[in-house]
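Dropping the structures in below, format is structure tokens.
Two complexes come next, and they have one chain in common, chain A, joined by chain B in the first and chain C in the second.
Let's look at the complex of A and B:
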């Protein structure tokens, strides 16, 4: 018996030690200081957000990294890789929740020794990772998540940046679009997924509508649970209230299901749909969405991105690789990578040198850089948050080809709260200082 | 008080872990912290499995522990980590004492589904609470320990790691004594034949009730430690997939020994993190095959590797 117990304790000690050792050895192997610029790319590769957001983003990252390593981009991004150093992308899955993402973020930085991290679609992941980025002093760009709390709760952020827009911009922009094109709408309604994103979107939309469309009233709101897929009851509840506008912040499969079901039930014939994330499925609606449905792209991205050399090149390269036009998450990923490249090349380090996180942060803070979506000004959140305009337009499907018509763009100053003012306060005060074109 | 060999081994491993923490890279410390914290929740699951009940809702107490630590710091000014962790356990005990009255009337799948339901109710409540950040959750920071504030970064990481290892040791020793004591053995008897236990003059229901409440406290401790280590809590902690993960780890380790959940949790974390790194698109498949392999080849979990060897020696 004595013998058994000692064997057991040896077993236990050696087991734990062996595990730790293998892990430690593997870390040594992957932490090669090979002169390459290692970038961690985190986005959804599995789960419901993978199809609409994660996969287009990862594809955009692959296209861009490959082309940057060959030096194929137009000026000013024609230098090879990042500051002359070849880029090595480490792509990992964002699925699994905030605790796991914090763990994987630490693995990226401490085990994989990445020089910068770009990623995060989920707002919860952004909020969880931001303090860790500061703790580990790692240059990090949030490319898509929309929560307004990011730089409110991390107001002294040094290393965390966001090149995508705050979600309140989507909804202020949506109301401005209604005010510009349909100033007489009176009956508003909404259907949102019942989680932070849907709740915040609807709160911003209704508050902005109360100011910019004072004649309007909210006649119905529905909060089905996320990934529900069947919206028969909600569509009936909306239909009987005879709304003129049906606002929705749905995305991905939920959004496509809603459009399909609401269109078949006639809701989208009587009322105009307004989908803040609608552009992400532009190529898949075909004739199942009515013409005239208002869609947005969370900024000047995807089909709303302006004509410029960079965007023409990006669309061509993306199309050549995947036979599809880039949707807005793809454009946003490209923008984040260009932001990183801009930061590195303006950090004032020697050619082929890899700048430190502090140098990268200094290179991007408050900067304005050319991107696939036009010029990006890092003008909010103490120089850490991008400010750009936003555009909305109507879906138009004709002869087998989907396009956007009647597009109206609003400048960044028109839809973004001034520095230090929260979106909710700014809307409540009636948008003081907004400069609209 | 006399310590048996298992307890001494556990203490030795715990001391080795703490020392190892000073020389290992940050990511590994974090991985082990989370693994050990989750292992505590798994201990809660295993305690109930031993008495024949499978809780599909242990995430409820994991989440209560995490949110109590988070809310204590955010809203009630409780910044001391020990106080916050204890409060989390107290809240979990209070909730479990109420829910246990209902839950211990049920067995098998009915218990599993009902425990799952309560966990999802908490998830639903949190999702509908914008003040608590809804699905995005909120950060947990600025905690202290006995009035000492670790100055961010490595020192706070080491502190949480040490705290987790010590908590793990304490709980492991307690559970070890519990399972060896008469009451722990009766738990297994309840699993095998509840009616006979009743004929012996014992009340299986109150036994299960006590078991349920103590499992809740252990799980809440795990949740609180996770919140301190991660620095963020979100309602995902109460979601059914999180509870599923705990059952996964419990099955991986087996019911054979108090150390099994700890080993299984470390194996699970290491397999998962390397699967994510090496096959980013299909890492779930690797996890699935791992569990499948364990179920097929080691139906009593990873611990049977050890016990089988012991049996061999004896023969």
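Let's look at the complex of A and C:
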């Protein structure tokens, strides 16, 4: 996801904030020379996407790398480092736009000699980096960006993988949740940030609603500028149309401001909010979001992650380090790192040997690996794209504690288009072959 | 009918916010001829200061809610005063007399420095000060429910506008400031301490920027980058009204606020366009802005 916009802030901070936060700071030596597995981690460390996405992701990476190097993870990830080799993480800032990220990627591969790259929140950055990953033959995992175009435009990708879900899943899942819990809903509305993320999300949501909630109609749609912060007029425009559902793919500060203002003005009392990225701010809404507001986590991540040994360990380790529960971007980063470890240890190389990019790609392509979010099947995008289910639930705040109630999960086969079929076509055809639980 | 009422209310609220943001920018340009790119940072510093102070106040359950409104204003005054004095005395004073374009670059550099400084001080996680916003409740007008805090901003904005107007038009200090605006060299020749006037003006401008941020903080999530976003809007408003004109900023804010609210309700697809459409239209017929003065070039 999401922001492909170059702002003043991105320029200014990118100049000074190419931070190497953990061990392995840019020595320039190749990984093979020091026997360590060097991985580049790219996420937002500055700008508006840093707080909601980048910092939790970078924190998760630090927790994982430190624990992996000590061999502290539960099985099957209890082998030290990656395939026995200590991990060096080079964490850099994603801010600055796609052109800068291509430069940074080349720098990571050609000068910092990383063995693999994990990163990218922005879909624009993912799309820009993917062909470069192929050109430089570098194993790369996109951990968060959601664009459906990633493996459409790079259908013959050899080295690019994505362990997070396609964004169309978010909105198909959202409509399925409405159909399951509020089948009689009739008046839909939406407010989206006015760029590709918001527009694509709304297009997927309305198309899916036309099929799964045929009696419903869209009574209002608003597309304010990203980072606008003030939504007074938009909230009025939505209110006077008396919607039952207000869908939004807002994220970060925009989402928090929208909830705050819409709740204070009664819109979220009269209508039910549906926030596809809502889980990322679970700890910050407090009593300023109404109970019953529907939130998602872009997959089985964050508060929606299932109970298993890996997730129990991850939540405990993250909480011990930062005194916070991991939100969905943190879980997605953890998943990508586990995917890399699985690929390396599934590559059939000798203990402590560092696999080549081709061996890593072969180790992950089409594989199934256990993760903090359950089992991940690399079952789409010719074995390069993860397929998992998605869950939605209702926000509940009581006695100073936020939780999610009335959660409903949908399987991957229920919300993911079949191999080779675009989300738009699959929705338009009425979800042929969907297997829902 | 409800939509028309909503346009008027939403437009007025947005206009009052725009005026708060733009007032400091236009005051500084009017007196000092500095197009201050760092104004958005003053807004952000005000928002962070207010959110920190109000958050601390409520988290510790120190006293009644009405005190938080005083804290909002107090935080802005203090932050604006400190930042304004440091920047004017420590940086701008060394640069006076330089070309206006150079001052734009200097204040842009200042913006970059302040943005990173804020990240060092406050980090990148969001700050909230929502209690003053929700405490005032809301007013129902049929289907429309309006936040009383937002409505009160209209009154606050009007008071600030009147105070600024009174300061410039009805006080001796204002007369001296107007003399500096009219002709700096003659003012110096007449014994006016222009440097002191510059310090006073810059601090007033900084406080106004911080006040705008502080009063906005309860309605938003205070996150990195909020100052960058408002500076473009503030420039649009002051350019429409005429650089340096308080009345122009008020009229510009009202024009933009009402136009944008109308677009949101009747033609949402033009919402982004309408602000700059209004600006282009005004500049096409009055390049100096609605209330700007055409100045003869000195040779």
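Operating definition for what follows: the second predicted complex is superposed on the first by the 405 of 437 C-alpha atoms of A that agree within 3 Å, B and C clash if a C-alpha of one lies under 4 Å from a C-alpha of the other, contacts with A are read in each partner's own complex, and residues count from 1 in each chain.
In the analysis below, contacts are C-beta pairs under 8 Å (C-beta built on N, C-alpha and C of every residue); 3 or more make two chains touch, one makes a residue touch a chain.
None of these values were measured; they are calculated from a predicted model.
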Figure out whether A:348 sits in contact with chain B (first) or chain C (second), or with both, or with neither.
neither
Is A:256 touching the first partner chain B, the second partner chain C, both, or neither of them?
second
Using the touch definition from the top, say if A:149 reaches chain B (first), chain C (second), both or neither.
first
Should A:233 be classified as contacting the first partner (chain B), the second (chain C), both, or neither?
second
After superposition on the shared chain, which partner residues are touched by A:420: those of chain B (first), chain C (second), both, or neither?
neither
Should A:128 be classified as contacting the first partner (chain B), the second (chain C), both, or neither?
first
Does chain B (first) or chain C (second) touch A:104, or do both, or does neither?
first
If you stack the two complexes on chain A, which partner ends up touching A:194: first (chain B), second (chain C), both, or neither?
both
Would you sort A:92 into first (chain B), second (chain C), both or neither based on which partner it touches?
first
Please report the chain A residues shared by its interface with chain B and its interface with chain C.
7-9, 12-13, 16-17, 45-46, 194
Once bound in the complex, which stretches of chain A touch chain B?
3-9, 11-13, 15-17, 19-20, 22-24, 26-27, 30, 45-46, 90-93, 97-99, 102-104, 106-107, 109-112, 123-124, 127-128, 131-132, 135-136, 147, 149, 153, 194-197, 199-200
Per the contact definition, I'd like the list of chain B residues that touch chain A in the complex.
5-6, 8-9, 12-13, 16-17, 20, 24-28, 30-32, 34, 127-128, 130, 133-139, 141, 152-153, 226, 230-232, 234, 236-237, 239, 242, 259, 263, 266-267, 269-270, 273-274, 276-277, 280-281, 283-284, 306, 309-310, 313-314
For a test of understanding, state which residues of chain C touch chain A in their complex under the given definition.
2-3, 6-7, 9-11, 13-14, 17, 111-112, 115-116, 119, 124-126, 128, 130, 133-134, 138, 140, 143-147, 149-150, 216, 219-226, 228-229, 260-261, 264-265, 268-269, 271-272
Hey, which residues of chain A end up touching chain C in the complex?
7-9, 12-13, 16-17, 45-48, 50-52, 54-55, 194, 221-225, 227-230, 232-234, 236-237, 239-240, 242, 252-254, 256-257, 260-261, 263-267, 284, 288
